[in-house]
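Note that chain A is present in both complexes that follow, paired respectively with chain B and with chain C.
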Partner chain A sequence: MKRITIDPITRLEGHGKIEIFLDDAGDVANAYFQVPELRGFERFCVGRPAEEMPRITNRICGVCPEAHHMAATKALDNLFQVEPPVVTKKIREMFYSAFYVTDHTTHFYALGGPDFVVGPDAPPAERNILGVVRKVGVDIGKQVIDTRMRNHHVIKMVGGRSVHPVAGLPGGWSKAISEEERREIEVIANQNIEFALFSLKIFEDIVLGNPEYMELVLSDAYTDRTYSMGMVDAQNRVNFYDGMIRVVDPEGQEFVKYHPRDYAQHIAEHVEPWTYLKFPYLKNVGWKGFVDGKDSGVYFATPLSRLNAADGMATPRAQEAYEKMYETLGGKKINGRYQPVHQRLATHWARLIELLYAAERMMELITDPEITDPNVRAPVTATPTEGIGCVEAPRGTLTHHYQTDERGILTKVNLVVGTTNNYAPMSMSIKKAASALIKRGTVISNGLLNRVEMAFRSYDPCLSCATHSLPGQMPLEVVIYDAERQEVERLSQYTSQCGT
Partner chain B sequence: MTVKEKPKLAIYWASSCGGCEIAILNIGDKILAVDEAFEIVFWPCATDFKYADVEGYPDGYIDLCLFNGAIRSSENEEMAQLMRRKSKVLVAFGSCAHEGCIPALSNLTTAADTFDAVYIDNPSLDNPAGTLPQTVTQVPEGDLHIPVFHNTVRALDQVIPVEYVVPGCPPESPQIWAVLEAVINGVELPAPGSTVIGASHLAVCYECPLEKHEKTIERFYRPYEITPEPGLCLLEQGLVCMGIATRGGCGALCPQVGMRCEGCYGLLDGVEDQGANMVSALASVVGAGKPGDSEEDMEQQIAAAMETLVDPAGTFYRFNMAQSLLHRMRAGSNGNGNEAGKGAEL
Partner chain C sequence: MDWSAYTSHLDMRSASVIDWSMRAAGCTTTTAKTLVLGLGNPILTDDGVGVQVAEAVATRLPLDSPVDCIEVSVGGLMLMEAILGYERVILIDALYPATQPGRIHRMTLADLRAMSVTEHSNSPHDAGLITALDMAQRMGLPLPAEITIYAVEVENIIDFGDTMTAAVAAAVPRVTEAVLAELFQSEVRSPKSVIRNPKSVIRNP
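So, the complex of A and B:
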């Protein structure tokens, strides 16, 4: 019997671990994806004044502090029962769109993209942003850097700081936008739209134009048929900042559409002793273990699931790109809406469609005549008790839930974080890819194991938020042992981070 | 003629949020100059070097190591010790490594209480059996291991000596570039020994454009209770701006968008405890001590003003808890402040 373990290279690393067990025949018996870190925000925030949460919880994740800042700010609106002025909502959403542009850009060019642009079997040293730049040219590398920089500039201008912004207040935003700033942001939004269209073109040229990649995208190894979750506006179109949470079943029928404040009636979290991260699932379907299908409460919450859960995109060019993806990968409509796409590698495509949507939405908002209204704060008068705030973080639906005493001092905090939603489906995707790719007698190559990693990289996982690296990457090094625990192969993989 | 060998650079993180890495990345295309000037021997996302490579390096092989993140687990600690051995110059980079940062507010609670909040008593949990993470779990296929979760968050120099500290949550990108540029140009660094670089030696107030008028206040306000007058000092309007007791270098960004300084660049030179420093600074702005007031009146006025200040511990020590006198007292009583619990915590 041969036992294969995918294990961090040393105990020191500790940022994530995959264990794959083979049966006596040499096929995959089981796989475990462990998250070995915890930082404890849900406890140490107790006793803090609630209004500080936008500036405390952004430290959960330095890659997506804007998401925590925004979920916390919205939870404060709810907690203090105050409706922000219309302009404030527009400023927040514009700011949030700029964040989406930089975050999705980072993922596509530095994290997920290298598997396609450089190739799934390329040496690990090449499967990174530098490899992408070598493949597509330094000019594009500079465009990626410029895109990140100009949007971080907007984040700093409007939110106070480019990392860990500070401007969120209950019913308000501490900073109004001047006409001069508005004009500057409009130029940036326009550049973002061009960049998003250009990125979609790269994807179409490299992936859609390559039958081998398309076979990979469509293969069963990367297909899991779970429920899809995403936030939608009043017309059931994708929205990142506000709306209802819609869940569709694996066939594409709406399973539920609920207000984020009712999340605890719909989401429950399962605990396993071998990991610090919890496994959320659909409470009204139930936890049936790590299985897909309509009878299992496992859902996913990613760019792909958001598109699956919605009826379309709210901006014109993103809608065109959306239709193209569904026509290419499925094309069947039921009750007027496309059936979900379950091929997880299509998440990279969905992410670029969202990139375009974020850029177009940013443009819509910054050219809104109201956006420079200086009255950005509503007075706060109510006595706080409980508040829930929700946004779509790039890596999944993000919910903050606070309870306070009558002075607004926190007594209880619950956070259901982007990547956490995807913990069960990621675990399943890893097992499925490993089972499909590792068979008795298979020679385990680095490229083959990279293809196992690709199963979860599409989710852009952001593990304990204590683990990460450069543009949200975390190296998870992998060592394969034979039955005698002799090392036979090693490789590294990249993930980003964003959890609690 | 031999090509001059480039200095070797490593960047590592322990328990942190990733913001320090994003801040490094936000130096923009200057990152290409860093790549040019240094041989990067360990920055796993950008290069293919592995931990085993680091272990294989001779001691002192790395010329400059930027280490961000706090020390929360035995793994973090072992990694800190490894990087210490391999590095000539080790920098505690960012607030977590410098002073524990916001997650060190955990030092006001315990690992057991944290487990309870996360895994037991929580509105969305489904955990009737009360399952907690365990360092070793037997599954049908074998044993699964996860690291131990410590009770206490420690700053890097509470575990190993460091030459320099770059403060900030995160350090502002222009400051990061200033430090790297100085190293690239061979500028002599100050004497080592937890020495602060990449920041000012004066308080945030000195770089803040908001005007001070030596105005005193009778009470404090929470940020949603008032809309501050633009252009005027926030502390003098009753917002608990930490700028007066916080090292500058950030450019006073937060006050310029109407939000108080939270203190992320840490304490000032010669100060032992940031919170104590802030309390004494506040005494000078509360409207106490007018001519003719008795000592008793003054005490009452100060007490009344302080009544309006919520969560002093979480305000004055938001970033500096691990380095505070308070934490050191706790940590001093039982080693590093750990205690046995029922789950995987220590």
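So, the complex of A and C:
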């Protein structure tokens, strides 16, 4: 049997690795996506005051500290049974929208975008943000950095600290927004909307305008028909900060809509011997293995699944973009809602639609007359026992679950993080892409392996908190083994770009 | 593809990135400032070494010091953005795996380029530090003239915890002294354990 591993720089531990095993004929027999485990997160937290969790969990990872901060803060609302003032919810959601703008921008221009802008077969040294800048010009590169920096400025101003915010409190937010700050943020929100429209235009011109790319997007190699999960508001529209969790089946019918606090009734975890990370699945459908379809409990939780699970977007221009995507990718309307899109590479498009939604939502909230209300805290009086908080993180539904003693000292901590939701569908997507692309006699090139990685990259996986791994990093390596389990090929994703 | 259509589509505020960075660095147009940046996760055992050193350096500086000390755990793009606008930057980070835990390396970007990456400059969610710096240079952003990296070999970056292993904890005062010596531009008498490359301070072209 031939074995292929996609692995990161070998001197690092704590990395993700894709191993591909070939059969005697040289076709793909199996593909495994393995991740390491960091130890002792719950042990680290138990015995500490629960109100420290927004500041502890935002240290798990350098990629989405804001998402952990928000899920933890909401878990504290629930733990201390306190309803935050309306203005506080608006401030939190506005802050969270600014974070979404930075995160989705980074993914498109630095991570997912290079595959399309620079090309899927370009050398790895070119397939990065520097390659994008070379291709599209310095001015656009400046726009990307400017977008990140102005929104990080908002995060720092409103969240109290750069990168690792500190403002979340049970039932509150530690500071109100002044009129001066409000005016400054309004200007930034407007720039964000322009930037999001501009990014969508780039995507549409580069990808939709290129038949070769469209063929890639629509190909079976990148299609998995699983259930879709996402948070929705009262009108079943996408919301990142608050709402119910809705799951639709592969045909687009609502399977279940539940309160995030009831997650344990709906989600169970499957264990495999070859990896530390567990595979969440829909408990009421059941685990049927790494297969798609209506009878398999595998679901995905990404920008694409959020759009699939919702009936639409809550802001006007994002709604237009949403309709365009579903019309273009052939989603028919059944019972007034589009059927899901299952082409995983369309996730990049969905991400940009979410970027536009985040920008528009930020504008709506910062121009809300109530947003400068100084009463941002509700008093905490209840005795804590248990609290669950949930937000949509950029990489999927994020749930924090704490139990405490009567003093609020943590006794149990469970996190279901964004990427973990996608572990099973990611593994399936990798195997499917590998099987479609690596056939008997195929010359395994770097470009080919990149196409396998593209299956995985659309999920924007971040295993640093999924496994509580190294902060903000999950380099990758592919290793291929033959039928005798001899290594025949090993390619590192970052080797060339890092200059070794 | 004609990208000029895109650039005309937007109000290209070409100077605004520089404005943001100068503002973030707290700079006026005339002051040259120094940044000491501790990189790492303070709750991942030895990974917190950079953070510990940055905090130790901060407590030793006078209140009116023109030196800023910050700590973050981020990847290349964010790191690049954090150092824009500063004249001089000293980064402190963990290096893994170790040949000798607690061993200190003083490096430059050229060294970093040669040895691939430090732990934190490599991420699927971000660009590597070298890539991010190359990008910033290409865009004409105000990069520091001088970047020095102190990397400490570490033993445990797998377990959560806020206490470092003994050898790494023992390195903290040594790195702190080395950074302070460098800051005060006195004769750098690095501790013997600091491996120092004679060409170690590079200047950006």
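Points to keep in mind about this one:
Everything below uses one rule, namely that the second predicted complex is superposed on the first by the 451 of 500 C-alpha atoms of A that agree within 3 Å, B and C clash if a C-alpha of one lies under 4 Å from a C-alpha of the other, contacts with A are read in each partner's own complex, and residues count from 1 in each chain.
Here, a contact is a pair of C-beta atoms (placed from the backbone, for glycine too) under 8 Å apart; a residue touches a chain by one contact, two chains touch by 3 or more.
Small disclaimer: the values here were computed from a predicted structure and weren't measured.
Of the two partner chains, neither chain B nor chain C is touched by A:L208.
Of the two partner chains placed around the shared chain by superposition, chain B and chain C are both touched by A:S162. Once the two structures are superposed, chain B and chain C can be ranked by residues of chain A touched, with B on top.
In the superposition on chain A, A:H107 contacts chain C only, with no contact to chain B. In the superposition on chain A, A:V271 contacts chain B only, with no contact to chain C. Using the contact criterion defined above for the overlaid structures, shared-chain residue A:L437 touches neither chain B nor chain C, since it reaches no partner.
Look at A:F195: by the touch rule set out above, it reaches chain C but stays clear of chain B. Applying the stated contact rule after C-alpha superposition, one finds that A:V133 touches chain C and leaves chain B untouched.
Contact with neither chain B nor chain C is seen for A:L218 once the two complexes are overlaid on the shared chain.
According to the touch criterion, the shared surface of chain A, contacted by chain B in one complex and chain C in the other, consists of residues 9, 11-14, 36, 38-41, 43-44, 56, 59-63, 110, 128-130, 142, 145, 148-149, 152, 162-164, 468, 470-475, 494, 497, 500. Interface residues of chain A facing chain B in the complex, by the touch rule stated above, are 3, 9-14, 17, 19, 21, 29-30, 32, 34, 36-49, 51-52, 55-56, 59-63, 65, 76, 80, 110, 123-125, 128-130, 142, 145, 148-149, 152, 156, 159-164, 166-167, 169-172, 174-175, 263-264, 267-276, 278, 280, 283, 287, 377, 380, 401, 407-409, 412-414, 416, 465-466, 468-475, 477, 490, 492, 494, 496-497, 500.
By the touch rule above, chain C contacts chain A in their complex via residues 1, 3, 6-7, 9-14, 16-17, 20-21, 23-24, 40-44, 47, 70, 72-75, 77-78, 81-82, 96-97, 113-117, 119-120, 122-128, 130-132, 134-136, 138-141, 157-162. Taken together, the chain B residues at the contact with chain A in this complex read 13, 15-26, 28-29, 31, 43-48, 50-52, 55, 69, 72-73, 75-76, 78-79, 82, 101-103, 105-106, 108-109, 111, 113-114, 116-119, 122-127, 131-134, 137, 139-142, 144, 146-147, 149, 169-170, 173, 222-225, 227, 253-254, 256-259, 262, 310-311, 313-314, 318, 344.
Across the complex, chain C is touched by residues 8-9, 11-14, 36, 38-41, 43-44, 56, 59-63, 106-107, 110-111, 128-130, 133-134, 136-143, 145-146, 148-150, 152-153, 162-164, 194-195, 198, 201-202, 205-206, 457, 460-462, 468, 470-476, 493-495, 497-500 of chain A.
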